[in-house]
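One structure follows; several queries about it will come next.
Order of writing sets the labels: A, B, C and D. Residues in every chain begin at 1.
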Amino acid sequence: MLFLYIIVPLLLAGLLPLLGKLSKRLLPDLLASAAMLFLLVLTVIGARPLISGGGVIQQATWFQAPLNIRLLLDGFSLLMLFTIALVSFVVCVYSIGYMEHYGAKANYYALLLVMIAGMNGLVLSGDLFTIYVFLEMAAVASYALVAFGRGPDELEAAFKYLMLSAVASAFVLLSIAVLFAVTGGVGFGAVAQGLKTLNVRTLVGICSALFLAGFGLKAALVPFHSWLPDAHPSAPAPISAMLSGVLIKVSGVYAMTRVFLGVFGLTPALTTVLTVLGVVSIFVGALAAIGQNDIKRMLAYSSISQIGYVVLGIGIGTPLGILGGLFHLFNHALFKSLLFLNAGAVEQSTGTRSLDKMGGLAKVMPVTAVTSVVGSLSIAGVPPLNGFWSKLLIIIALVQAKMLTLAVLAVLGSVITLWYYLVLQHQAFFGKLNEAWKSVREAPFWMSAATVVLALLCVAVGLAFPFVVGTWLQPAADALGQGVNVALNFIGF
Amino acid sequence: MHLFLLIGLVAFSAVAILCRELLKSAISLAVASIFLALLLFEMGAVYAGVFELSVVAGLITVLFITAIALTRGDGDVAEGRAQRWVFPLFFLALAVVDVLVMRRLLGRIPAIQGSESGGFSQVLWNQRTFDLVGQVGVISAGVLAVLALFRREGGHGKGEGHE
Amino acid sequence: MSNLWVLNLGFAVLLVGVGLYCLLTMRNTVKLLIGIEVIAKGVTLALVAGGAARGNLMVAQSLAITVIVVDVAVIATALALVININRHTKSLDVRKLTRLKG
Amino acid sequence: MNPNNLLIPVLLPLLLALFSFLLPGSVKRLREAVSVLGAALFVYVAVSFFGQKETLLTVPWMGHGIDFELRLYQFSQFILLAVSGFTFLIALYSTVRMAGHARLREYYGYLFLTAAMSAGAVLANNFVPLVFFWEGLLITLYALITVGGRGAHRTAVKAFLIGGFCDFCMILGIAILWSQTGTLRLSDISVVPQGLTAVSFYLMMIGAVAKAGSMPFHTWIPDAAVDAPVTVMAFIPAALEKLLGIYMLSRICLDLFQIEVNSAPALVLMTLGALTIVLAVFMALIQKDLKKLLSFHAVSQVGYMMLGVGTAVPIGIAGGIFHMINHAMYKSGLFLAAGSVEQQAGTTELKKLGGLARSMPLTALGFLVCAAAISGIWPLNGFVSKEMVFHGSYETGYTVFTVAAWLGAILTFASFLKAGHSVFFGPRAMENAQVHENKPPVTLAILALAALCVLFGVWNALPLKLFIQPILAGHPGAAGEHLDFTAHALAVFNPIALISMGCLLVALGLHLFGFKRGGNKAYLASEPIHRLPVLHTIYDLAEARVFDLYEQGIKGLQALSRFLFRFVDRPIDAFYEKVVVGVGRAASGAIRAAHNGLYANYLAWTIGGLAIIAWAIGALLR
């Protein structure tokens, strides 16, 4: 059943260019959204019960015939599957309205579906090398999607993104090659077992550094972040939402966490490096965001900053820290997607992304303004919205782990976040309405619907956060909390 | 023999990088590929060698040459001279560091003997099936990407007014 | 661990270093892609050498082939990007690609 | 009973509130109809809850003892019943009094939100939901006052800040209590106030009595009387806040803390109560506006309740709680009557009113009964509960408090003689020649409250046996004793009751004296007291708001802020402007400049980062 997560989007992606000949808009719109809705429902109804007794390994089947594909599902992968399905469904709905003027919708959806299939595959694989393959699959699709508008900015951003990503992949692959040579395998279980019997600390140190650089670049941790402020703003808004909301987390944070916590085991050295990188990212991202005039670029820098929180939380390594980090990851997927979608709506209506030129848009675009305020308050950590709780958990975890300096810095970072989001809201939506935008209309229905859903989710998760934590996040944190034991248990398969 | 092939591989790679003309670069890259393929043969990795020969030395070279042809005329970018003169120094430094590190590794790294059985296709089909799915995905991503980037309709230069 | 593996690994690292040098210093975008290719060669070498040293040659070959396939897709996409950029800027100079900054 | 049903009293008003918010502002009749019917349903729910066995609802929430817990037992049943009853009466009354008001949508919405929050606060059995509902009330109060119009905003801010300060005290007290007892469940806590827990007691007491409107946290109430809609006054300061504040105070004194008779906390509470009675009633006496006069009484009467609860003697506590419910009834009735007069005559200034008894007989009747009740005239409910408080305070041995309470009784009656006389009797003022009786819903609400005053007085066994005694039955201080307050409730021939009656006569004398001195003008009847040598100065100061801690605090703050602005803020501001923002901007600029768009530059960062990380991991491994 889990194989459906990969094969459904992939098959649909193969079919869409053909179907696109029949129907330029309706069929692609309908099929893509339906597929995503199917996966979302499947996650909630079908996949969740599977892990009630901890992680499972499932053999993939093709029309009842078993394949030699083993898919690994535990709480952590499930959380990522859920996040991917949720955000991509919303993004598909949003694209119905937004992608009209780009043309080539079938091609667009096909690429998006390949990217989703790649992310799903990455999350479900129990093998370092397979992680690399699916990471590349999602990445190749994302290069094309960033460049989809084919303007000079888009192309330049996609090119730099590709060139830096290729180097990151090389680092990852080099590390995999070394581990493969030493342990004789690339599966999580084999590698974890091998490292346990061999006790090669220096080598693991080098491999950790390579993985950290490789996945860190995908996750846009400072100093590996430089492609993100170019690529995310240049992409079409739904893709920005997808990249910032999910891709950097799946191919960066998920892969990194899986390898470090699940295969290598978190060492004090790694904790130090990860937490320091997290805090540096928080500050560099936040400070750079203050000075931005392009709304999407500001959001992109903010992504760097928020990923810093996620890595900071996970890097602490205590159960509460991991829980906080994962919760922030999930929340960030919600509100950053929301904010990017809002920015897209504003850009489509006004034709500009420059904050200087906006102002008073709340009067003409009330839905967008309200949802965007919700998103901004969430991301800035204002209670009782979801971002507050996850940041609170991270800060409590830092205090518990006696990392008081980092805790203070994390709070300070949050203050800066509030600062630039207030600036953003003020410049874009409040104040005097710019004369030029008198005749601006609210975004089309599907776009507004997508943003409203996300905004409601932000509020709901904030209010019902104990429920969300209990259902989706605690299993994930538990799975990670067991460290390498999970991988070792699966070695028999 | 092995060492000779390795040196050849690195040498042609370096030439590919330092060459002024793109066409020559692409060709020496193909030659480096052939060296790598021979290396793989020598190590017993026949299938990988064939693949390297046909795909990298063949297909990728063709891709490069096509791209060079499509951008010719305005593709003459003046590389600074400094890069070429610094390269030997850089290379030497890199080699020294590399040798030092590898000497430390020599004999220090324990390893587990592999325990695989069966022929290549069996291994590929039985153990790495998931990678095959991934390959299909990556290829389709690449095809779709090229289709998207060379499509006729749509495509607007949003960034054009954004100086 | 066999000496041959260390030797191969040393050369693989050398190739990666050369490729990175290219990426850092060269201006021509097509040249940069050649640099990426050189890095990919180093990685392929490291993978197969690792398998050969430990008697995992078949798996190593499978991995190497996958890497090569992935590489083709990446290079094809990259070349498509380069050609598109070339249409806009009439240049292949990566240092002129500085519209996005700050 | 199914524990989940406990959510109904919270959810039902919440739904009604949502309904009102969602309904377009132009829909009037439907909104009113649904509000009244919904409130009636609310009453039905509360009645059906009454007499049920103790029920607990526990929903696990954040862990660490922070759960969503509701508890229904005798006391909360009783308060819930009262809350629902007042909600219904106010909703009924509002259909006429608020008709045509521009912000009806918000008014009904916040009205029911207040009811929902109150129900939640009453039922909460865990401090965290309690604080949530408690703070929610602060917000709805703010919102409801602002419905009053332009000038109301300043008062709303004042109420909000005072309430916020006191709630903060309460939260601090709760936090201390939590740290001392390790639990947040109200029903699990019972400590002796010593050391830190004593501090906690005082802090929580501030929160509770401030909600009830005690001195010195009362100053927003007279302001609100002028600015806020009169229904809001009748609903919140007159009824709900008394119910909740005294409910909380009783919980604190009865359950959470074990208060000994005449221990320090008890004495503090009694002193505060006695001071509130006397000072507020002095202020009430000289008011020349009916609504303001009533609002000062709303403060003064809290003193009786605090005094009663503070005695820690069963009869005193019972008296305090009984006085709370009685006060809620007659003070609501009085405010509603005042509102009715205001609507018909256009003013509440005593000088401009007169002789309305003939044209508005029903309103007058309601007002007079309620006024008699508040003054403690036999055999109305006010008499019963006041007597109980007198007895209780007398039993503690500190007669001074009893005397203060009597002094309060004298002045209360005097001021109501003045108010009733000037509004409903005497010559008809020129301005209100055309005044008619108000519509049925209004008079019905007023008369219902008046009837309840009579009922609870004459047939005091009903409330005492049904409501009050069960509450005390579980109290450790009263355990074992046979509680029966009904026997002597209406007894007249005992020293205390006789003195009380004497007080009323003194008051009558004072009024007549003042009436004659004022040239037969009733509204000047309090002038002789006003003009007394020392009092006069104090009054002037009070009118100038010298005793208003909030206003003085604001003034002090302004002076302080001017000082700080000049000598601390400017330098800090310069520091902030130049250094903090400057550093932020400079860092931002530097980071932005570093992102120069060059691919090689970015790649160099990546490789450099890898090198640094590899080095760091290597260094840390050693």
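By our rule, a residue touches a chain if its C-beta (ideal position, glycine included) is under 8 Å from a C-beta of that chain, and two chains touch if they have at least 3 such contacts.
Computed from a predicted model, the values in this text were never measured in an experiment.
Between the chain pairs C-D and A-D, more C-beta pairs are in contact across A-D.
Between subunit C and subunit D the centroid-to-centroid distance comes to 74 Å (mean Cα coordinates, whole Å).
Separating the centre of subunit A from that of subunit D, both taken as means of CA atoms, is a distance of 49 Å. In whole angstrom, the spacing between the mean C-alpha positions of subunit B and subunit C is 5. Chain geometry summary: the mean Cα position of subunit B and that of subunit D are 78 Å apart.
Each of the following residues of subunit A touches two or more other chains: 129, 133, 136, 140, 143-144, 147, 150, 152-153, 159-160, 163, 167, 181-182, 184-185, 229-230, 234, 291-292. Within subunit D, contacts with two or more other chains are made by residues 592, 595, 597, 599, 603. For subunit C, the set of residues that touch two or more other chains comprises 1, 9, 13, 19-20, 23, 25, 32, 49, 51, 53-54, 56, 59-60, 63, 66, 70, 73-74, 77, 81-82, 84, 88, 97, 99-100, 102. Across the whole structure, chains are in contact as follows: A-B, A-C, A-D, B-C, C-D. Residues 129, 133, 136, 139-140, 143-144, 147, 150, 152-153, 155-160, 162-163, 166-167, 170, 173-174, 176-178, 180-182, 184-186, 229-230, 233-234, 291-292, 297 of subunit A touch subunit C in their complex.
Per the touch definition, subunit D reaches subunit C in the complex via residues 592-593, 595-600, 603-604, 607. Looking at the complex, you find that subunit C touches subunit D at residues 20, 23-25, 32, 94-95, 97-102. Those residues of subunit A whose C-beta lies close enough to touch subunit B in the complex are 6-7, 10, 13-14, 17, 67-70, 101-104, 107-108, 110-111, 114-115, 117-118, 121, 125, 127, 129-130, 133-134, 136-137, 140-141, 143-145, 147-154, 181-185, 194, 197-198, 200, 203, 234, 353.
Of all the residues in subunit D, the ones that touch subunit A in their complex are 60-63, 584-585, 587-589, 591-592, 595, 597, 599, 601-603, 605-606, 608-610, 613-614, 616-618, 620-621.
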